[in-house]
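Here the structure comes first, spelled out in structure tokens, and everything after it is commentary.
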Amino acid sequence: MADLSVNIAGVRFKNPVVTASGTFGFGREFSQVYDLSKLGGIACKGITLKPRDGNPPPRIAETPSGILNSVGLQNPGVDWFVKHEVPWLKKYDTVIIANVAGNEIADYCEVVERLNESQVDMIELNISCPNVKQGGVAFGTSAKAAGEITKAVRNVCKKPLAVKLSPNVANIGDIAAAVESEGADAVSLINTITGMRIDINTRRPILTNNTGGLSGPAVFPIAVRMVYEVSRRVTIPVIGMGGIATWQDAVEIMLAGACLVQVGTANFTDPYAPLKIIEGIEQYLDQNVISSVTEIVGKVQIYE
Amino acid sequence: MGITTNICTVLENSQIASGIYNLTVKTHQSADAKPGQFVNIYCEGKTLRRPISICEIDKNLQTLRFVYQVKGEGTKWLSRVQAGQSLDILGPLGHGFNVSKARKVVFVGGGIGAPPLLETAKQCNFIPDAILGFKSKDFAILIDDFKKYCENVQVSTDDGSLGYHGLVTELLKERLQSDCDLVCACGPKPMLKAVAKIAEERGVECQVSLEERMGCGLGACLVCVCKVKSGEGGFRYAQVCRYGPVINSKEVVW
Amino acid sequence: MADLSVNIAGVRFKNPVVTASGTFGFGREFSQVYDLSKLGGIACKGITLKPRDGNPPPRIAETPSGILNSVGLQNPGVDWFVKHEVPWLKKYDTVIIANVAGNEIADYCEVVERLNESQVDMIELNISCPNVKQGGVAFGTSAKAAGEITKAVRNVCKKPLAVKLSPNVANIGDIAAAVESEGADAVSLINTITGMRIDINTRRPILTNNTGGLSGPAVFPIAVRMVYEVSRRVTIPVIGMGGIATWQDAVEIMLAGACLVQVGTANFTDPYAPLKIIEGIEQYLDQNVISSVTEIVGKVQIYE
Amino acid sequence: MGITTNICTVLENSQIASGIYNLTVKTHQSADAKPGQFVNIYCEGKTLRRPISICEIDKNLQTLRFVYQVKGEGTKWLSRVQAGQSLDILGPLGHGFNVSKARKVVFVGGGIGAPPLLETAKQCNFIPDAILGFKSKDFAILIDDFKKYCENVQVSTDDGSLGYHGLVTELLKERLQSDCDLVCACGPKPMLKAVAKIAEERGVECQVSLEERMGCGLGACLVCVCKVKSGEGGFRYAQVCRYGPVINSKEVVW
């Protein structure tokens, strides 16, 4: 049996499959469907300093092989998270990743400081949410801004720090390099790509936020390319996501350079998707007589 | 582990009115199902499952019945599934109607809102009444089914092609002049709002089943929210899939 | 019967449906399937100063609701185009758009100068091809570079000039504004989004070029959003494309702001797609008692 | 207007060997079809059509026969289509084999490369021979069909489970010691290359049917190219779908 475990910045994941932020809440609901201890980790819903209401519904629209969402970071705030959600999640034997968002650098820092004292295992800095007016994606679309926020957060952050990048950029490698040089322990990508749908009968956008973030299988080839680009630019680990729905997708994005994968939208199509992906990866490794999942990371053999 | 997906067998899937289908599946999920709950059905090639309310539950035969209307691509695909084929169903989901404390319930169903009320009607402690409204005769469904479990079943259509020519709300106003301590309604939002207003004005409790576009169907992704009252004149967003789909009308910020 | 005609920069299209560059060659092959005079226009395969071989095959990979291509601008060169393709195409009563690519600004200018004397009706400057090493997308990912090349070409170009933008950018509105201010008569968008697929058995990219450009329904929500963004930034007409497969898609992107649509990948799924889209638009207008297709352009009613 | 799409009726679609299916459709496209041409089949939910060679043409019955192997999602979908259902086919496409001037043709088919050779064998002026190679007995197809139109049909398998234990190229070397003025081959590229070499060394003309991933199938998009010789030691990229799929082996840059 192949070794599925992965270590990133001193954190051990029993397998390389993590549920993606925003698609899995804080795990409570999915715990009614299966045992969360089976997961490599859980990236919790993005949290902010104060509770947030999020955007008005409808917040989701279907697109060819994907969805648009415009939740807009509805969350109960960091204090609630630390007090009620983290201790509950700790019952499970899985890595807890806190996903942090905010309007200003100071917000991010403050949230991170409060998380320092909690039992979360890792922090994922969301500088790429396209569904909020301020902050969010703005930090993620320039290497300078991404570097600055990473630096500020790194200064106060006592936990392993991953920075989650936006795909809405011309050169994601530059952004990854900037956050690496400011001390990020890992990068995760991709967040959603801004999109829009319009109801041709009402002539109104389907989302009340007008635009939303595209995720799901439609974006998978873009995610693979970006993971590939980023993993050639940085030496820190890359956490890959974007449209992963099957174990074949997971293996593919790992070959492109991801050490760990996150599964988001696929949870909607099939709540058992992460478990099926874990099983599939294991079988693939066994059939190919590969003793550790880490051996396939970045092993794509490109054409020169 | 109350919620599961199940690849279950389709026993029947046939048209019962214009563009409206009756679907019966055999599934162990019937054991936990409660009236007013829904399931999330996987439709081939679609990223999102389609939420459909449970119309009838048969715990002995281990079946669930659904009645759905073809709207877009997902339900179109669903309508082509044949008896004997299998279907991937996630559920049962959400909170349904609570009729356990009511003496006289009046059900108000608008169009494709009627189905979730049927099982609820069966499970009332006292024989309820029903008011069902449809666009026209061609879209009328479940009238005979409701007659099995209800004392009075009134029908209205927008065009007068069947029953009363007008809106269910007009029939409800009349009906509420006599005995009723709970109104359970499902249908288009403007209808629900009007029904709630009528019931509340008369001091009658009203439970409404809401619809919203969904992602996970479990309560985790926060895409399916509706505004519910919270604090002094404030609101918060609650998940229709988990906090609802059935909510006391007084909680709803319309 | 609704009026389907559209005027852009003095060019009259009998209907708003144009086949997209690179998916339709110079029309010869599709002329065996239907009468090209039914089309609003034909955007010809990208041409360069000298003939080009393009990239080694495989040049195409399927993705969820889309494809990746890495043709790499194989073309017979501008002189052949002007001598053999344009005169042949002129037999048909449809607008001929020449799509121009190159490595350097001077190349682009030279090609445009040779086209000035030809019978093409319009020029589409492809500053967004992701499948060539030099030039191509590089011009399309910075507002400065996009403005410069537009300016240089505008100086020599005697035909109506559309500039075709790359979606691989953080802010497509900025790029559109830059090309508008340098004299472009229209913008077309989107070109393909860079993506990658890897065969998990061979561990090699499916495309010999390693990466390719994503097109097809998967990108449609991104195209709608970008057309919407750009049409609010510029006053010149927007030519919309990216994943249009049905008449509903065409109407949707027109509501978002496109005056004209181009149909690319859908030609592979169904060669008659452009004709079905023309018919569908016509029926939609008639059913909604709209007398001219131009009345729906940009008519999305957004949420404030 | 030689090329059309046609929504045609499936007359038969059944498994004839391990993972290999026989598909017959009724379509007017049979009228124009030539041996060695292919069609592009629409598979539900797929952006790209799947190219499949024409295996037999019946102009009287207006049918086309195909034999295909399930590889990935598209052909898997295809294998589930049932007789009576319809299928959207674009074609006929490309250039096939030219056997009109040959006296003695030898066909060499490797695995799923055999189908396009069958109709070609039927249309030879003189009775041809065939050499068919398969991985194993389980994948062997069309042997009896070829026997109807060929004098000698030799079979080889990689594992010896049927016929000669070895490669088609070994059988071909032997066969070419006697009379033959044209070899027509279809199969995996390494086999084609080897076959071409053998034929060319013996001065026998060789036509090969190539495969490449396709977009439009018509010649317009330039994605399906192969290298063909051009100028002094040079090459150019020609579209397999239009210039081919059958090409004289001397033109191919392997």
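For the reader, a short list of remarks on this structure follows.
We call the chains A, B, C and D, going by the order they appear; numbering starts again at 1 in every chain.
Here is the rule we go by: contacts are C-beta pairs under 8 Å (C-beta built on N, C-alpha and C of every residue); 3 or more make two chains touch, one makes a residue touch a chain.
This structure is a prediction, so every number in the text was calculated from the model and none was measured.
Considering the contact criterion stated above, no chain is in touch with chain C and with chain D alike. Most remote from chain A, judged by the distance between CA-atom centroids, is D. A straight line joining the Cα centres of chain A and chain D is 47 Å long. Taking each chain's centre as the mean of its C-alpha atoms, chain A lies 33 Å from chain C.
Computed from the mean C-alpha positions, the centre of chain A lies at a distance of 36 Å from the centre of chain B. Of all residues in chain B, none touches 2 or more other chains.
The multi-chain contact residues of chain A, meaning those touching 2 or more other chains, are 61, 63, 65-66, 216-217. Within the complex formed with chain D, the residues of chain C that make contact are 22-25, 27-30, 32-34, 45, 53-54, 57-63, 65-67, 69, 71, 74, 216-217, 265, 267-272. Per the touch definition, chain D reaches chain C in the complex via residues 1-5, 42, 46-49, 88, 90, 212-226, 236-237, 242. Of all residues in chain A, only 61, 63-66, 68, 141-142, 168-171, 193-198, 200, 203-205, 208-211, 214, 216-222, 224-225, 228, 243, 248, 251-252, 255-256, 284, 299-303 touch chain C in the complex they form.
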